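Here come two complexes built around subunit A, the first alongside subunit B, the second alongside subunit C.
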Partner chain A sequence: MVTRSIKKKGIVSLFLMVLTVMVLGCSSEKSGNKGAASDGSTAKIGVVSYLTGAGAAYGESIRQGLELASDEVNAKGKVKLELIFEDSKGEKNEAINAVNKLIHKDNVLSLIGPTLSGEMFAVGPIVNQEGVPIMGTSLTVEGITEIGDYVFRNSLPDSAAIPQSVKKAKEKFNLKKVAIMYSDNNDLAVSGFKIFEKTLKEIGVEVIAVETFADKNTDFSAQLTKIATLNPDAIMVAGLYQEAALILKKAREIGITVPVVGNNGFNSPQLIKSAGNAADGAIVASPWFPGKDDAKVKSFIAAYKAKYKKEPDQFAAQAYDALQIMAIAIEKTGSVTDRQKLRDTLATVKDYSGVTGKFAFDEKRNPSMDVTVLVVKDGQFTELK
Partner chain B sequence: MEFLLNPYYMQLITFIIINAILGISIYLTLSTGQLSLGNAGFMSVGAYTSALLTLKAGVPLYAAVPLGGAAACLLAAIIGIPTTRLRGIYLAIATLGFGEVVRVIILNLKITNGALGLSSIPSMGVMLSKGIAAFGLAGGIGGISVRQLGSIAVILILALILGFLIFFALRLSSSRLGRAFAAIKADEHAAEVSGIDTRYYKLLAFFMGAFVAGIAGGLAAHITFYIGPKDFAYHRAVEILLFAVLGGSDVVWGPILGAVLLTVLPEVLRFATEYREMIYGAILVLMMAFRPQGLISESTLALWRTKLTRQPKIAGQDKVTRRTTP
Partner chain C sequence: MFLQQLINGITLGSTYALIALGYTLIFGVLNIVNMAHGEIFMFGAFIGLILATKFNMSIFSALLGAMVAGAVLGYLMERLALRPLRRRKVSELAPLISTIGVSIFLESLALRLFGPQAQSFPSIYAAQLFEVGGLKISAVQIIILAISFGLMVALRFWLAKTRLGKSIRATAENIETANLLGVDTQKVIVLTVMLASALGGGAGVLVGLAFNAIEPTMGITMGFKGLAVLILGGLGNITGAMVGGLLLGIAEIFSVAYGVSSYRDAVAFGFIILLLFLRPQGIFGSKEQQGGR
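Right after this comes the complex of A and B.
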């Protein structure tokens, strides 16, 4: 009897605990909803981002870029924006729940995010069905905007960036034969590899070796030793900056001095930070170039540094521009509830000039923008001329 | 009513049901005392088979999903015959390895599109709402849109499948087969000595678990438009195991309750933003501290039964003894 009553108490206390949590959850939702609904002139924008987990660094940059943009837009006062952030943990089911919550509970006007392409493939069809404009700020793989008419992105797809860097590198270093390395368990890198392969074929550069690695690998000596014996004119690498930095380090260590052309993963100050001197000679094409002699870029970097005490990366810059573009479109429509109108206006955005340069959406809602091919020189991204 | 028709909650309900089906799959293997961590692997086989069949071969959904289950079952035969001879932690490690192998194979096959995953998988909801529209209800009924009707139909179908599986699991536990399972779980040697072909029954339970996981995978693929190898990584295997650990693995209601709680909790905790993961973790630790055997066990059920029927404990005890004697 005694043990049973103890057990009973345990169960009762547990259920109570679960109940309190649920009640807490419900009550806070309600109050949040009320606050937003009472103000009819604020445009609510939902953000789905990778805020906790292995890729949280990306999500954090995106969040900061968006917050900075939102502060500036609100300070101007033409449109009032309210950002509602939801974490996706980089998982598709979480992302689906997050957009559903944002659309159907918070009743947002439009969405920004998610961070990963896989998440967008799961979320895009749902959002498109609901007729809510969604803009990806960090998606570079093929087939994103093909999901539907409501899906936009302001991040340059790999298919536009990689060929430029490869061609520039060929021109500059007279490439004849190259080796490719890519991470085969990362969607971004696989997509990048395919574009590398295609471009090289088109411009007549021979691929003498293709080596794979995996995300979170730390030892690349086997692949690089093999590549070193083949003596390529350059190495193309598709991966994230963590692995890219280690590859650069190892390559320089075993005496490979040829240029290394990277995909979008190379486009991070972290690459230089962790690879140090070895990063010299790394090439990447990017619309975001922190060293650009441009007033907008300079004021963005200054404002970002003042607020977050660190250098902005491309994710922050692209997120910043995304919200600015969204704000311009909202201002034009003059409505904070009309999703259809916002979509149509967004699709016509042209001549916006932001921190990532001149910007316009092409007919497939992909960005058409100028790309700068960058090379790391003395620990700095500089333009490859 | 409006509350329930909100697509957000309807989506959540579909996830709950899928996870509950996965909970049943781990319950089935656990009911013979086998700790298998291969369910995420079987789920991925079911998901990919079903998605590829519909995408590439144009097989209708209702045939593709069971075929996904069958493919998982087939693979269970290959992996199960050697590994079900293993016990306890050894089986867990072998099946965990199996799950990772499946994932790596998917990553490297051309047909599965490697790390990029499969996108624009035919969705059950879209298909059903089209069917409903063709039925002459394109405008919806009583203020409920066609899309909502589609989602309701998806939930109903999933609930039917879940209901059938629960019924099956409940009937199983009081059948000859279920008794054999329980005997093996209680003491494998004793069961063997009393003439139960333990290898056969263990393999059978393994197959059933794999089949159900494969079905769940197929259903999940057709609910979310997209599957990628990341969805079926190690964390998925652990999540499925958590359903059983948290809910309890004695009775089928345990993993189901675990699945419901673990799907709802992250959503309920969304208000906590940055603290969400922390609170989630803390709740799990607290639950484990209070109820290491899981939330629902045989005795909990018996306790509630006596409470509800308001009869003295004799009735409850009677049930307990009847159930645990193989």
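Right after this comes the complex of A and C.
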């Protein structure tokens, strides 16, 4: 009896403690909110990004690109931006939680992200219904902006990028028959596979094998051994950099030396870092080319290197441009709370010239911009001519 | 192509077997499925990687270091997560849940310590390739295969012939009786958990070398494959873990090679279900063991 009553008391006091903590936590959060809201000149922008997990290199680059842009915009002083980051871990439900928190608790003006197309398909309809403008900086799948009028992206869709790299590769290496590998549990890769297949059919290249894998797989020996016996002129791979790097390594290890044409997932220095020498011969189309002779590109690279001690990749560049575009639109509206006005102004952005080249939103809120086809040579992305 | 794919299957399977050996040791003695084994494996891989790259150790001393680190983690797990529960005679599920807790803790810790990026060993270790009559096999694959077979034989011999092995088997049979007969069961249990975890840590380095992607969530998939092998081979049976691992690896590779790669896991696990219908106790499991404690 005695012990039981002690236990009960213990539970009750624990309960009280939890309650107090919760109440205290709530009140402090509320006061924090007020502080930000009372300062009426700052535009709060929520960012949902893939910050931890297998694809974290993408999210990390995006975060750094955004921070750099935000610093520059705030230094200019025309508009004040405050970025609020949430980690989606690359998962749809986490991304939904993140946008709900950003919209309802932080009361943001607009959103940037998420990192993966699959995540956008999950959060897009919710955000659109709330009437919050959202801009993807790394989404390349078809059908993103069809989610609704509030959904924008400044990243080039795969349907514009992949055909260019395939055509260039065919021209250069005289491709007759190729094999395709793609990750069948990743929206980006499945959509990439369909575009590869369609483009190859159009330009008359035969597909002799289609093999699949899954995100986070580490063993590709069976698929590649099978492909090696068929002797293709090239391999097309749709996936993220982690698997792509392992595929490149294994392929070179078992003696496949043909070019490997990739989707947007190849667009990361991480690919070269993890695959090492094996990355040579990897081909990808990108609107971002660090070797471009352009003052804006050069100053962006210099500023990025000074701040983060590494080279910016496509994801950082696109995120940087996205926030600059957002800032221009906010400046035009002259309001840090009017979401409707921001959407309407964003849709009219036409003559922005950023680090990923000349930029305009088309009538479907997709970007129209030029691409460069790149090939990895001696551990560097260089232009494929 | 058939022979090359068979080699691919055996090498993949030997990594599964290596992981399953750790599961099976702990299950055999403690009757616990150690859900943290995959994460100890992952930690071993990271420790090995750090020793090899940051401290420029040779790959064998890195392997040894990872095994020591695994053993230390195993000791801590036994002291903090398993022993307190054993003393209180709680439900059989409690230690299982407690090891799940350890696994989540270790994974989060790894995310903090090592970052989320996949890392890999410098390619000098994995690049050596042998070609025998058109078949390619890498040095690491041979080492993995040799180590897992070597361990299997050594463990079997050690459990059957040595005094300590006998006390482990006595403890596995019945803790109370073993205690009465003068076996220090506490010591035996700690030793077994440490040994299994050291194996896990070593497996981490070898698998990291073979596949070259070391990241904090790598323990989950490998852990599940190891668990499947544990069931397939027969709970607590060392030969079973070995054969089961090889079978799963070969089944996976062949379903890609001669079927459709999308159904890789479905075929492999469908095959396990089928085998379990025919032999519910696993390939090498004995019926009596099932009753357990």
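Operating definition for what follows: the second predicted complex is superposed on the first by the 366 of 385 C-alpha atoms of A that agree within 3 Å, B and C clash if a C-alpha of one lies under 4 Å from a C-alpha of the other, contacts with A are read in each partner's own complex, and residues count from 1 in each chain.
Here is the rule we go by: contacts are C-beta pairs under 8 Å (C-beta built on N, C-alpha and C of every residue); 3 or more make two chains touch, one makes a residue touch a chain.
Please read these numbers as outputs of a predicted model, since none were measured by experiment.
Steric overlap between subunit B and subunit C is absent once the structures are superposed on subunit A; the two fit side by side.
Once chain A of one complex is fitted onto chain A of the other, the partner contacts of A:184 extend to both subunit B and subunit C. Once the two complexes are laid over each other on the shared chain, residue contacts for A:52 go to subunit B and to subunit C alike. Using the contact criterion defined above for the overlaid structures, shared-chain residue A:334 touches neither subunit B nor subunit C, since it reaches no partner. The wider contact with subunit A, measured as residues touched, comes from B rather than the other of subunit B and subunit C. When both complexes are overlaid on chain A, the residue A:225 reaches subunit C alone and has no touch with subunit B. On the chain A superposition, the C-alpha centres give an angle at subunit A of 60° between subunit B and subunit C, rounded to a multiple of 10.
Once chain A of one complex is fitted onto chain A of the other, the partner contacts of A:379 are absent, as it touches neither subunit B nor subunit C. Of the two partner chains placed by the overlay, neither subunit B nor subunit C lies in contact with A:131.
Between subunit B and subunit C in the chain A overlay, the least Cα distance found is 6 Å. 51-52, 184 are the residues of subunit A that lie in the contact sets of both subunit B and subunit C, per the superposition on chain A. Across the complex, subunit A meets subunit B through its residues 4, 7-8, 10-11, 13-14, 17-18, 21-22, 24-25, 28-29, 32, 51-52, 85-87, 91-94, 96-98, 100-101, 103-105, 117-118, 121-122, 124-126, 129-130, 141, 143, 147, 184-187, 189-191. Across the interface of their complex, subunit A is touched by residues 6-8, 11-12, 15, 107-108, 114-117, 119-120, 123, 126, 147, 224-226, 228-231, 261, 265-271, 273-274, 276-277, 279, 283, 286-287, 290-291, 295, 299-300, 303 of subunit B. Subunit C contributes residues 1, 4-5, 8-9, 11-12, 111, 115-120, 123, 126-127, 129, 136, 138, 211-213, 215, 217-218, 221, 252-254, 256-257, 260-262, 264-265 to its touches with subunit A in the complex.
Within the complex formed with subunit C, the subunit A residues making contact are 51-54, 56-57, 184, 211-214, 216, 218-219, 221-223, 225-226, 229, 242, 246, 249, 253-255, 270, 274, 276-277.
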